[in-house]
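The data blocks that follow each hold one structure.
Presented sequentially are two complexes of chain A, the first with chain B as partner and the second with chain C.
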Partner chain A sequence: MKDLVKRYGLMLTSYMVVASLVWIVLLVILPYFMMVNYSFRPNLVAADIGGPLDHYTIDNYITLFQNQVHFHVFLNTIWGGALVTFICLCVCYPIAYHLAKVATPQRAAFLLLLLVIPFWINEILRTFAWFIILAYQGPLNAFLKFFHIIDKPIRYLSGNGAVMVGMVYAFILFMVFPIYNAMESLDKNQVEAARDLGAPTWRIHWRVVIPHAKPGIAVGCIMTFMLAVSSYAVPSILGSTNSRWFTEIIYQWFFEGQNWPQGSAYAFILLLLCIIFILVMMRVFKVGLTDIAK
Partner chain B sequence: MARSPFGFPLQLSGCNSYQGADYRIAMSQDIQLDRVTMRFGDFVAVKDVSLTIHAGEFFSFLGPSGCGKTTILRMVSGFNEPSEGVIRIGGQDMAGIGPNKRPTALIFQNLALFPLMTVWENIAFGLEVRGVPKAKRRKRAEELLDLIALSGAAEKRVSELSGGQRQRVAIARALAVEPKVMLLDEPLSALDLKLRQHMRAELRAIQRRTGVTFIYITHDQGEALTMSDRVAVMSQGVIQQISKSAEIYNDPATPFVATFVGENNVFRGQVKAVDGDWATIETGHGQLRGRNRNGVKVGETALLFARPERLNLVNGDAGAEMNRLDLTLGHVDFEGSFANLFLRSGDSQAGEQAGRGVIMQMSNDGGLPRLVPGEKLPVGFAAEDAVILADGPLAAH
Partner chain C sequence: MHRRSGSEILLNIYLWVFLFYLFLPLIVMGAATFNSSRFPTVTPWLGTTLKWFGELAADDRMWDGLISSLGVGIAVVVISVPVGLGAALLLTGLKGKSRTFVYGVMVSPLLTPGVIIGISTLVFWDRLGVGPGLHLATLGQCSFIIAYVMLMVLARLQRFDATLEEAGLDLGASHAQVFRRVLLPYLKPSLIAAAVLAFFQSFENYNTTLFTRGLDTTLTVYIASKVRTGLTPAVNALALILISITILGAIGYEILRRREQARDLAAKRRAAETERRETQLA
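So, the complex of A and B:
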């Protein structure tokens, strides 16, 4: 603290400290604290709040495990999120490698631009674009039919398929950039050295590139998974009745059921899930928080 | 005994091949470049190079950066395919054979060790690739660690090693795949002077012990001259001269070689007379005589080169066959075991015709006279110590 004052002066130091405190307390800790507080209390009419019925309970948490449909959706969301993450990784790893190590700088800049341009458009609009593309009478079916690849149109928008497509598309950048960043610092000579020693391409990746890019892969997976399980727009637009997402149920509790405590409990469970996923990824990839922060 | 993909036996049992001092790797082979040219767009990096490097030889490419020497190395290792010409290793055309299928091992300028593997995993990587079981890999890595005097470092990380140790690990990693040819791309350039000199001897010793052909790339003439059996001097994609170290220094074939390797005094002039292996040229210092190495003809412009250590102070008219220059002492750089005398021409107009003054080296053997700047010094050198070559580009200093 003294050092800071010495370096930046009293005014600037106090401004930085106060601004950080306001940000952390008002915008991070307090809302979470309120949500946790809500989640352990029953849903009461205004008159009963603070009355004898208002006591702490874990009923809101138990609800999820007693409600078959909700619990099924919860599991489906975890599975869906994991699948999106995996597909994203498979799609983005080669892209990131190409950008970081194969393409010339000009070409890499051009490709990055192509990757980023779609994200200048609102997420809802992009998702609606997929809704149109994947529609029963949409251009994709028309295209496939025109070239006689299929006889009759496919119903993409029922089931999880369209949601997966939409999400992989929506989160590509969050997977590409961390891996790209990690790979950029890889010395190209190491790839050549491995090749010179006789390694085929897959082994070069397995033994040299992937170990180096591990922190980036971990960060990409964590970001993609968290965005996927907490996504609302994509599943509500591209999903169907049999592919509901856990976020939709949270939304229902808050805004249709008007049951904020119940919604908070569900939201908090989702948060716990994400934290567990982060810890698991850190363990699996043997990376620390500092690696991820890079 | 496993067969390696190169078709020569990989001796992995360790029962005989690496015992005692015999680390010899069987059957190293000739490398032949046949009219090899490499273009990058409009830029010609290597121009019509033909040469044969013999099995078991320590062969260096010496030249300034950008002269094409690294390109040659990358073509031999397979990372680049020549635009024209053929590269043969052991008589076999290497066209279309990737770097992972060639019997070469490359040591990178920055070594390119794998930082996330232990030392022994680094060394055994080539064997891992070839599907050698872990126990045998480990054993072989230990043997190679013995060879490079680093036993006990097997479990260390590369980052825990010193520069010289990393160097040796890189060599062991390359030797582990039993290459017929080792390619070294300025591997000593990152080391400090003392270590560099030590590693020269070490590299040479490893090369002798293993019998593997070494192709060494460097811009450091000291490295090239001390280690190599033969040296190829390159400039702008063209081989200037291929000779033994002493010949490169004593008998340069082109003005570039004469000025790139070691110090040289240059005198430009017109050829006045040619008799047999000798020629005389008319320079600003008068007529100078030297060996006519490449057969210049009367009337041509030529350059005469004389090494600073071949210049002597002359008394009176001693030695009528000596070339004689009347010079004025500029300044003296005392280097310890020798001193460099920087001299300029008596009449300041005639001197420095080739853009350089005259340097004379005197060894500090007790006979070093008291020298005063501005003093007139008659300097001479024998005709057999001077080389006359047709005018051509000099090395940039």
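So, the complex of A and C:
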């Protein structure tokens, strides 16, 4: 701290400290704390708050395990999120490798620009695009019918399939860029050396490229999983009543059930799920927090 | 020297299929704007029209949403850029464990789902007697957008030559002068980039806004509600306009970023060259 005062003067240093504190305390830590605090309280009318009924309880957490429908949606969300993450990883790995190690620098720069464009486009709009394509009388059914692949149109917008397709499309670039960034620093000579020594392609990737790209793969998986399980837009646009998402239930607790403590408990469970996933990824890929938050 | 193997050709084909997959839905969505069908689609094509642009322009709720989004976006930029700058500077003065800890707390909003940021903001401010609305959406968005700004400024700060500041101070400049004349000009490109990014992030935010907006509607919320109820190709017209702006913005942003990189590289080369000559002379 003394260094800072010496370097920037007292005024500027105080500004830095105050601005950072206001942000961290008022916008980050206290809101989290309040949400967790809420989640351990019963849902009371305003008059009862602070009264004898206002005590800590874990009832809101027990609800999830007692309510079969909610618990099923919760598991479905975890499974869906994991599946989306896995598909994105498989699809993106070759793309990232091509961009980082195969393409010439000029070509890679051009391709990256092409990839950046859909990345900047709103999640809602990207989901809406698939809503049009997958509609009952939409272009996909028309196309398949035209080539006699199907006889009558398929109803895509019911069930999990459309939600998965939409999520993969919406979040896939969050997987490409971290892996690309990590692979970029790999020395091409290592790949060449492995090849000259007779290693087959799969082995080069397994022993040379993947170990180097680990932090990027971890970050890509974390981002994709987090965005998928916490997405509200994609399931609400592409889903139907039999493919509900955990976020939709949280939303219902807040704005239809008017039960904020219950909603907060579910939200905290969702946050814990993300934290557990981050920890698992860090363990699996043996990377530290500083590698992730870059 | 460079032989093209079969696997490389396959990889190339795969890449183009991937790009096709990325762009086709956007093209379909844009094309549906010009179909006169009531429901947005490209099959069957019932005739080419521009009427949906007119219908979009006549929708008051769209204009309200647009104005709200612009207002929130500007407010987010005004708050997040100075605070993010302060936070980045503060981090440069911390070392060891305390730095790791503060850094971890500062980036934690980036690893938190947007809905959770929205919920925690809503619950916290409600306790303090502040109801939901655009102001709360602004605060909720700031909590993670500041982290983006902080990271962007920090990345540039790490390449800053601190001896420049010392030189300024030694030559009798005040701290404020050094900050204004040396540090700020150096950080300017990253501050501009951060402001642009912050605005875009805010403009397209849905998850955090959804929980904090109250009865107010931003443009993103408007689009989502339109898609679910009352969908006409007017939404496509809006999508097409937003995509066009985004493409121009993305290209402009990339060009600026690359020019900046090239300039940095050139400066570094010049410095190395000068140093080499000086050592030769000595």
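Here, the second predicted complex is superposed on the first by the 291 of 294 C-alpha atoms of A that agree within 3 Å, B and C clash if a C-alpha of one lies under 4 Å from a C-alpha of the other, contacts with A are read in each partner's own complex, and residues count from 1 in each chain.
Quick note on the criterion: a contact is a pair of C-beta atoms (placed from the backbone, for glycine too) under 8 Å apart; a residue touches a chain by one contact, two chains touch by 3 or more.
These numbers come from a predicted model, not from an experiment.
Between chain B and chain C, C contacts the larger number of chain A residues. In the superposed pair of complexes, A:83 makes contact with neither chain B nor chain C.
Of the two partner chains placed around the shared chain by superposition, neither chain B nor chain C is touched by A:186. Look at A:269: by the touch rule set out above, it reaches neither chain B nor chain C. Of the two partner chains placed around the shared chain by superposition, neither chain B nor chain C is touched by A:282.
Annotation: chain A has no residue touching chain B in one complex and chain C in the other. Interface residues of chain C facing chain A in the complex, by the touch rule stated above, are 7-8, 11-12, 14-15, 18-19, 21-23, 25-26, 28-29, 32, 39-44, 82-83, 86-87, 89-90, 92-93, 100, 102-117, 119-127, 139, 142-143, 146, 151, 162, 165, 174-176, 179, 200, 204, 206-207, 210-211, 220, 223-224, 227-228, 235-236, 239, 242-243, 246-247, 249-251, 254, 258. Remark: chain B residues 5, 77-79, 98-101, 104-106, 108-110, 112-114, 116-117, 125-126, 128-130, 173-174, 177 touch chain A in the complex.
Contact residues on chain A toward chain C in their complex (touch as defined above): 1, 3-4, 7-9, 11-13, 15-20, 22-24, 27-32, 34-35, 38, 91, 94-95, 97-98, 102, 109, 111, 113-133, 135, 137-139, 142-143, 169, 172, 201, 222, 226-227, 229-233, 236-237, 247, 250-251, 254, 260, 263-264, 267, 270-271, 274, 278, 289-290, 292-294.
Across the interface of their complex, chain B is touched by residues 187, 189-190, 192-200, 203, 207-208, 211-212 of chain A.
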